[in-house]
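Read through the structures below before going on.
Each of the two complexes below includes chain A, the first together with chain B, the second together with chain C.
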Partner chain A sequence: MRTDRADPTPDLEKTSKRAVASPSFAQSQTLLHIRGARRRFATPEGGEVVALDSIDLDVHANEFLTLLGPSGCGKTTLLRAIAGFEALDAGSIALDGQPLADVPPYRRPFNTVFQSYALFPHLCVADNVGYGLDVAGVPRQERNDRVGEALALVGLAGLERRRPRQLSGGQQQRVALARALVNRPRLLLLDEPLSALDRHLRQAMQMELKSLQHRVGITFLVVTHDQEEALVMSDRIAVMQGGRVQQVGAPGEIYDRPVNRFVAGFIGNSNLLSARVTERSGDRVTLASDGGLVLHACHHDLTPGDRVDVLLRPEQLRIDDGTAPSGVALEGTLETSVFVGADRHLRIATAGGDRLTALARHVAGERESRLVVGERVRVTYLPEGVHVMRSAAP
Partner chain B sequence: MNGAPASRWLGAWGVGFLALLYVPIALIFVYSFNSNVVNMMAWEGFTLDWYRSILGLPTQLAKSDNYVQSTATLLAAVRNSLVVATFATLVSTAIGTATALAIARHRFRLRRLYQGLLVLPMVMPDIVLGIALLIFFVSLGLDLGLHTIIAGHCVFLSSYVFVVVSTRLAGMATDLEEASSDLGASPWVTFRRVTLPQIAPGIAGGALLAFIISMDDLVITYFIAGVDSATLPLFIYGILRRGIKPEINALAMLLLAFSFLVAATGLWLRSRRQ
Partner chain C sequence: MSPRSSRRWALAGLLTPATLLLAGCFLVPLGIMATYSVLSPGLYGGVEWEFYPYNYGRVLGAPLGDAEEFDPVYAGILLRSLRLAAVTVVVCLCLCYPAAFWVSRLPGARKNLVLFLVTLPFFANLIIRVYAWMLVLRPTGVLTRAFDAVGLGAHAPDLMFTEGAVVIGLAYVLLPFMFLPLYASIEKLDPALLQASSDLGASPLQGFLRVTLPLTAPGILGGSVLVFIPAFGNFVVPALMGGAKVMLVGNTIEQQFLAARNWPFGAALAMLVLGIILIAMLAYAWRFGRVDGAVRP
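== the complex of A and B ==
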């Protein structure tokens, strides 16, 4: 990012360091405690929708946390409840241990980047960015300096006098970002910040948001439905569904060790099979899938007869070309072979009717690309690469 | 083959419609400068005497000195109209805008009912509203005068302002107000710095409409005006009953010019904002 002025980050960093050093922070790095948050909405038909169904979540200081889930999972409602735009029916949100229930949005030290950006059309870029400072009564000189710093931080120096409608979508978003960051909030809330941008810009902004968060040292809480975005940007991801947090963890943890079938299916490409434990010795278990496959996995907490969901990531499956017979083998028929650039997605049907997708690195002239649909193939995997989850009660 | 005659008819229809609309006004414009004292529909020559007569200036042609009884009465009527329109516009703009904000931004019990009750005066026959207001004021023991006209006008002008401002509010995204609140602005500051600038053209448009309607209203005003509180439309109606004289053309032209001026000012203000 281009900066014409002296690097403005140290200033912003100072604020957050002060916050970290404050006594209430000494013992815990938790910024926000959310406990038992519930929220229902009445539908026009007279019914009821549960947007938040008892949410427990901690937001740590200086982390990049993403709320990830399909539309209708409650993630935006949770964000709006934190910002103060929605009241909770039950439960609490506390900042540094102080409940926020009676604090109106304009007294919360949070700022939001809205999905629609919500820039004030009657104000120029500088006045949009300076709005929070003007309202707070920051002296003119300091206000102008900080607006300049914030615009430089997002690479928009020189556009101060433009109106929002004279800016591109990407520029508008940067203004929205600067307008929120200039107030040095304790927590920055971003509602689907990248959804309105085209693919290339979106990928560039993912990296930029992450690096921005590192530089300013402000906690970012991002709502998105895009799992790839969440994996790229986040320190931690909270996967939500049906008004509940299904799992919270680092991207790698969520990817490798999802707690249930929903999380496993929502993040990344997955082969998900329903199975039953047939045998266990030590930490090795043998599983029989409903489609008749026999699988080997590592787990030390299951007993024969348990119902489980099995996750086999496509990249854990290798086409056995006879050269390196390692791992356990499966057999099937190649159904489709789809070229997607760096990889080739191979869909394999097993005798029992299970379908597995294997990922093969695309290297010109190698055997996978010569595989013919309908051909018998052998696939191998390592038991350590098989993730087993206890099924939810039927 | 088929299209040509049809579009010819459509064109003729359009011309006919516009003629019906504007020829009478054009005629009055011409008559107001006609020096024919006996028959104003036969052109005799150009004169400004009818305008001079209205303004109380010496004339050669206008013989009936008591037609426009005195310029003082006319000016009193103009003043009454301006006073009524100004106050009624101020009050109804405040009421209409506040109600539009309440209905657009808040969810409360009987919201739909309020909305309906506010629009109702617009469709209520003027004569019904006039009689109802008269009976209401009399039963309260109020003397009729400018104050009753102002109060009566506020009743239906608020509806017009409400409708115009509501339309503008519907086009304004609520996320702007949330963004303002999010940036630390109290509800009042949000209203002043975000909502008001956004809906100002709507408020100005509503106020302008209210002003013109108030200036123009005859039927309702007729019922609730006191003896000495004749407005301009009442005054014109009064002199018309004594026959149509050339002065009336000049008066109509002056009124028309005033209305155009107000409307043009409104349009200009609007275009400047955008």
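== the complex of A and C ==
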């Protein structure tokens, strides 16, 4: 991180001010400040890839923060830069206000759970977990006690003498977790921690990681491309794309109020329509979609003529039973009806070519279950359930 | 014929040539050597067919009668050969370890090029390569002139016909045998493990000692065995670069067979060399065969 040193003072000042401003609110105590982080890679073809394009991000003490994004969005590069394996071209990462530029990975009070786990194949489970304590010169008795505690914490007591390759994938991951946690790091970095596990184990581990984070009181920073995983586990999610942080917020906030089309489409299932504002009265706006639908929404900061993206979550759409006022109903033809267990996904094509997906509970005898493909249907929604985002410049 | 028995016949057919070759060209000559080593030397070469174990007594000093006297010179030659072979192993290891690391981190195409370059010397005749070193090391050679050129002529080392020259020659000739097994084990080393080590607070030195070294130990030992064995028995290099001053066991055996015409004694020396190498090999197989077997799933 050559340029990291350039100007550390502004960050330092910000930190101290913030700490003074809200000393009692633990969640807002900032552990890690990332400012203007940039990183480019040369490709073998002679080109250049911008992995990090000016990242600003604060990691709070004691939170479970997820970096979420598609592959190639820079999330892993950011994680590696925090761990110290990747130098920044510009910008800074500071821990408690101290820049980390010249601190090698082995002096940073962070530990990583690697995607491949990177367990030492020549060491048994106990020696893998005790590695950090051994190189730090922790006395034998304390070392053994802490290794035992860490293994008990992840539910692996009794497997101390096994070699990593004698363990299942799930067990290997627990060893990797114990090996990192035993050092009591200020920050635990997890790189796609659940990607190598099968679906059932993954869901169980999501809950377990979250409860583990509560029990040990260590800040977790998780990289994942799985939006469901991020929604389930995180206190906050940072959605990344193209080397930038698109939005940071609590899972509900990201889900209900995405800032742009990308975030809206990446998280959850979504109906995304391009539209134009046609009318506004008070906080009600009327929108005309490019496919000819007329929608009503709540927004108080738009003027007629503005281009917007409209997000209508499938669960906000209801199949109309004929009682809804015509103003908030959309008409179309049922194109497909897909049964996915508890729910039914109904895809409706409108006259103008827009496609909407509605989510219906699969309840015996309900009308939605009896709809026939090709049938004319009306769907209704509440204007409060329509999320409007200003379009990026055309 | 059942498919199983026909497959067995095919296997037997395929293995026969190798079996015949090994038996005819290796086991039979070895048997002849072993037999000759306990026969009495003929007056003008060849052997007399009578049991005569005293050839070994000359080297080992065992009181096997007074027909042949114990001569510590031979034990000395064996020890010197062992010592120079060991030094050669250490020199090769020190040269190859960092180089193998560097090569393993090169991109694919360049990696293959370097590996090809490592084996390139095999394309030239051994004698020619050793003579090239003699041209460098001899008193009027390239090395001396290089020292002269920078004004250090008086300090030019006279390496020719010293143990140093023999080690240089052996290390040069045997370097690829160290490099390739080392490279194979270093290539397999997952860089993520070193990152994990660093992540867990280990300094680069600690990481090397606790992760890199144990995980590349099979390559280190394999390369060491492959260099040690030919270095121990080599006679071309010590003959050309050590001269009469640095007699090694290889030259001594050659001398016994040709100049001294004492075939049984030469055979006894050769059997001793074989025994020492066999012990080294067994120790290696015992140590690593077992560890490998235990870890493999």
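Quick notes on this structure:
Throughout what follows, the second predicted complex is superposed on the first by the 361 of 394 C-alpha atoms of A that agree within 3 Å, B and C clash if a C-alpha of one lies under 4 Å from a C-alpha of the other, contacts with A are read in each partner's own complex, and residues count from 1 in each chain.
What we mean here is this: a residue touches a chain if its C-beta (ideal position, glycine included) is under 8 Å from a C-beta of that chain, and two chains touch if they have at least 3 such contacts.
Just so you know, these numbers come straight off a predicted model, no measurement behind them.
Per the definitions stated earlier, placing chain B and chain C onto a shared chain A by superposition produces a clash between them.
Contact with chain C, but none with chain B, is seen for A:Q166 once the two complexes are overlaid on the shared chain.
In the superposed model, A:A83 lies in contact with both chain B and chain C. In the superposition on chain A, A:A342 makes contact with neither chain B nor chain C. Once chain A of one complex is fitted onto chain A of the other, the partner contacts of A:N183 extend to both chain B and chain C. After overlaying the two complexes on the shared chain, residue contacts for A:S116 are found with chain B and with chain C alike. Touch criterion not met for A:A42: it reaches neither chain B nor chain C. Across the two superposed structures, the residue set of chain A contacted by chain B and also by chain C is 83-85, 104-107, 110-112, 114, 116, 118-122, 131-132, 135-136, 179-180, 183. On chain C, the positions that touch chain A within their shared complex are 107, 190, 192-193, 195-204, 206, 210-211, 214-215, 295, 297. On chain A, the positions that touch chain C within their shared complex are 44, 83-85, 104-107, 110-112, 114, 116, 118-122, 131-132, 134-136, 163, 165-166, 179-180, 183. Considering their complex, residues 83-85, 104-107, 110-112, 114, 116, 118-122, 131-132, 135-136, 179-180, 183 of chain A touch chain B. Against chain A, in their complex, chain B makes its touches with residues 173, 175-176, 178-186, 189-190, 193-194, 197-198.
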